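Labels run A, B, C and D following the written order; every chain starts at residue 1.
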Amino acid sequence: MDARVARIGFRNDYSEGAHPRLLQALASASGEQNAGYGLDRHSQRAAELIRAACAQPQAQVHLLAGGTQTNLTAIGAFLRPHQAVIAAESGHIAVHETGAIELTGHKVLTAPGVDGKLTPEAIEALLAVHDNEHLVQPKLVYVSDTTELGTIYRRAELEAISRLCRARGLLLFLDGARLGAALTAEGNDLTLADIAALTDAFYIGGTKNGALLGEALVIVNHALQEDFRYLLKQRGALLAKGMVLGVQFATLFEDGLFFALAEHANRMARRLREGLEAAGARFVVASPTNQQFIVVTAAQLDALARRYDFERWETRADGEVVIRFVTSWATTAAMVDTLCGDYAQLT
Amino acid sequence: MDARVARIGFRNDYSEGAHPRLLQALASASGEQNAGYGLDRHSQRAAELIRAACAQPQAQVHLLAGGTQTNLTAIGAFLRPHQAVIAAESGHIAVHETGAIELTGHKVLTAPGVDGKLTPEAIEALLAVHDNEHLVQPKLVYVSDTTELGTIYRRAELEAISRLCRARGLLLFLDGARLGAALTAEGNDLTLADIAALTDAFYIGGTKNGALLGEALVIVNHALQEDFRYLLKQRGALLAKGMVLGVQFATLFEDGLFFALAEHANRMARRLREGLEAAGARFVVASPTNQQFIVVTAAQLDALARRYDFERWETRADGEVVIRFVTSWATTAAMVDTLCGDYAQLT
Amino acid sequence: MDARVARIGFRNDYSEGAHPRLLQALASASGEQNAGYGLDRHSQRAAELIRAACAQPQAQVHLLAGGTQTNLTAIGAFLRPHQAVIAAESGHIAVHETGAIELTGHKVLTAPGVDGKLTPEAIEALLAVHDNEHLVQPKLVYVSDTTELGTIYRRAELEAISRLCRARGLLLFLDGARLGAALTAEGNDLTLADIAALTDAFYIGGTKNGALLGEALVIVNHALQEDFRYLLKQRGALLAKGMVLGVQFATLFEDGLFFALAEHANRMARRLREGLEAAGARFVVASPTNQQFIVVTAAQLDALARRYDFERWETRADGEVVIRFVTSWATTAAMVDTLCGDYAQLT
Amino acid sequence: MDARVARIGFRNDYSEGAHPRLLQALASASGEQNAGYGLDRHSQRAAELIRAACAQPQAQVHLLAGGTQTNLTAIGAFLRPHQAVIAAESGHIAVHETGAIELTGHKVLTAPGVDGKLTPEAIEALLAVHDNEHLVQPKLVYVSDTTELGTIYRRAELEAISRLCRARGLLLFLDGARLGAALTAEGNDLTLADIAALTDAFYIGGTKNGALLGEALVIVNHALQEDFRYLLKQRGALLAKGMVLGVQFATLFEDGLFFALAEHANRMARRLREGLEAAGARFVVASPTNQQFIVVTAAQLDALARRYDFERWETRADGEVVIRFVTSWATTAAMVDTLCGDYAQLT
């Protein structure tokens, strides 16, 4: 028997399966006959709903299976061989995707982030250095919202980056694996339409927000749209039963379920944050979203690990450990309160 | 309204969704918390069941999302840069995957097939020519069972290829996107265990046999197993919610559902074949599996297309057209009989 | 001691080193200080001379080290990931470059050639099939002049291919490893300016026409010029001492030496052809250039191999062998006459 | 007229052409007929001489055209797709090769260097983090001798890195574009045989030490030797007239010319260093080799640039500029003394 299953889980927002409404929709559509490879009516309806939500009637929407696949397919399609990506040092593509972008042939240049966020200054500094043919040519700026640390971009921050990109001929790509959490976070002042207007392409994460799998890539910039289905197919990113993704995204976007699920996860995170704060927890960063990072002693770590499942993020030089709690659409208030109660005992 | 939906569908074995038992299992597992990235207990159980079915206790089993992804991830992992694949001219990787193998850097050398099947002679002929460093080095033989034409390998045929591969230091990889149909076909004398024993790696298709998505890659050759999870992750082939694949394959293999579904599709294909033959249809090749190719006149094509959905495979010089009917786990005898009845009117 | 050196050589047009004038120019320039990486004045002068010879004042000229390097750098730069090359079945990139083009990610589609030459019909046939995203997208047509068989394109033939390419949005790239031989061949009606006008890019071979090494890539199409020095550097194709190439091409093109050397090789080939023909030799193809292919018996082969160095091209089913004689700028009439005399004894 | 040519050049060790003895040898060999693609007797003799100098009778020696080509061909051949390189932040492959290594699919992880040199501690720190399949797998350590800053590895330093690599299953690759300068530097205690014994592969730079072009790649580790000529050909790194490289390396290694030329460059650099030091110059790092970095004011920069050609390395925040002087086999004492004299006037 797997002890981990019995523990209360805050390890990830992809630990649970799909929200019941998505499962029902899948069961219902399974009886139909649908066209393959994303040409089915569910995928087309999902695309329509997403275009409408983004206020971008000319955007292309492609549904892919996962985040790494989406990043590598999009970036590998958008760049010429000598061009490079700029990302924050903590960026997912820079660290946690096993060199998937490099496998497509492109260097990922990293810049120091501020709470996981890129800044125009950091981008400018890289541009200043990369000015001749003996160095790669920076061409695409990669940001995530939420970031790897659970922080979010303010509208002014994203606008500043977008302005710089357009002035300098750079593409702006936003990884939205947790975009639902970002857009429903306290303090957020961005909308889907803002993001679509400010970027060249971005994706909306389903996997971490209630779907079995699925990311919706939105290509706003017309110049990047040409032949994109070829590029999907070539990367193995065109599911034969594309309706599996179509059904889920259509359900998520037909009446706001996407935002409701993310909002729930954030609410549970806030409850968790407030509970832990009240018990004296030390947070690594002020995150308004469903990832919360705290510093614990080795003894606290052991005690918590007996009953809870979570990620050990980083061991510090002094022996203290950064751990991460993640809430999801399926997290309950009872789970959170139990954790907060236990934590209070440890301090 | 989409007229196509109203038509009776023989277009593909991936037109329908998943078999109800798989959907139920997914719904049930959705309430659990599971480890991510294929480390969940469902994926582990699926792997155990498949290893047992293959009589290969040391084999690695990895669950991927689709066939092109599986082909490119496996072949891209198995070869050094200067090495090439040998495939039949009709091979899926040679034609229908948008150059996915070439994108991993490897040439696909093609040889004439016999009814879609490679022969030792054709492989030998390529080896004879490719004998120095100005040409690619053939290293991996790619076969499909069933083939693109619905035909199957006899045990003696696969043994002969396997023997040649081992004698000449070639790897043998079998694309089993429709392996269920092959193994349950009339005239088949291969088992899963035979295939595992004769190849270095192969995959078992779920997408075309009742799953929402999923292919089970079985790596038998130990030398090819090292670090394979890195290679999956790097290609975007490691689903965060790997349990989606694990649950389905565990269900397919826990009590023979995988074979039952394929056997049903083949039975419907046989009924179709016999019905069309009785009505005088001309078949392109003798296929014992769920793909049936017939030649029709333009007038017959138009008449059939009004009520049925199917693939136009090839237009011949004389204006006749090869069309393909595909049956699946969801095809009913009534659908088949209606088609046969209508076809009989056309001749 | 290497017996081969003592034999009279017709193996290749790259068996000898450089023409004395090129060596003198290199010795002279070696005493100077020059800018690196192709920015030296010799390379710039070579580019000017070549642009003038091509009547293309806006063309880019880049000097690379060898033919495979030029092919892979150019084609790898010109195509998007899903795009493919069309070449004749005998095309150098299709056969003799160890999959260099595939290593850049691109499939090479082959079409039957006529005497080694592509035809519009063969290109059209491939376009007709490759019409959707499950197949690669043909985008670049690769031709060689001379071809692998020593034959040449007539102006009308190249015009027809060029017209088709422009009508169908294809790029036309010409491999001119032996372009000197082609342009000075009997029956040739193309000029450098014609080739520049009809193609998007092509290269002029130095290695096989009297240089130590070096190919001059001419990019006529402006859309393909952007950032090309980045792409050269990234492929390792930007020599630090670029003047080594610049000096040689400047010397070759300052007063027609390039054409004079090629014309000499062709003249020697004609003398060889006429001598062998008079002695009854059977030619595989009518080649007006410096490669001549004849069919010999096993006994003839052995006899010739004792005194001459040449390439065994292909062994035929009946045991006869196709051999290739190549002449170069350094071949003398005496060498040819000796061979023809000896051959006459064998028949 | 190009003003730069008239200036006294300290820009690079590849500004001049080849040493007269190499040019004579090339002229002499140009009259011969030689086998192509590196199979000529000159290349074979060069390989023998280098194997002897390295005391590695089983090593493979391959002659390539340039440094970037050698780095990308070797590293691209040695690694599996998910494996990464570790280099110092200032490493040539990390910065100055336009992402050539990434184009082969591999990430370059960088570690802070000490005077341009990697340390075991920095390597260990990267290994500690990269311990699972979501991150690349570090597999090859890349060092340069001399480094980008002109510093050299002491034997104990290279031994420590080599020991760590062998303990942790890492390959050690040494970029010797300026290996001659390193091995003849004051304070050097390494020999060619030491380097061969401590690394898996390395290369000996010819371009920056008196050759027209050419780098000799020495593959000591047998496991990395297999099929290497295929990998050379595929990258466009097999020159048709391979004798061009063979002749030069045979000449460099037949009687110690390689070391004599490097020693001369170092002697000129020492004279320059001592002269500038006497005049109060501030050096960035203590370099015992042919690259010397000093800090100058904007006014000094302008004054020097009027008469001398050199590299502006970096502009500092305070407006001061780091400049680089490089000496070569062709630098004369008079050139150095003139510069030192002029510099003394500026302070």
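Assume a contact is a pair of C-beta atoms (placed from the backbone, for glycine too) under 8 Å apart; a residue touches a chain by one contact, two chains touch by 3 or more.
Since we're looking at a predicted model, the values are computed, not measured.
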| item | value |
| --- | --- |
| Steps needed, at minimum, to go from chain B to chain C via contacts | 1 |
| Farthest chain (mean CA position) relative to chain D | B |
| Chain centre separation (chain A, chain C; CA means) in Å | 51 |
| Inter-chain centre distance, chain C versus chain D - centres from mean C-alpha coordinates, in Å | 33 |
| Separation of chain A from chain D, taking each centre as the mean of its C-alpha atoms, in whole Å | 43 |
| Per-residue multi-chain contacts in chain B, two or more chains | 81-82, 97-99, 103, 105, 133-134, 136, 230, 233-234, 238 |
| Chain C to chain A touching residues, read off their complex | 37, 76-77, 80-82, 105, 133-134, 136-137, 227, 229-234, 238 |
| Chain D-touching residues of chain C, taken from the complex the two chains share | 2, 4-5, 9, 11-12, 14-18, 20, 23, 26-27, 29-36, 41, 65-73, 97-100, 103, 207-208, 212-213, 230, 233-241, 243-244, 309 |
| List of chain D residues in touch with chain A within their complex | 81-82, 84, 95-99, 102-108, 133-136 |
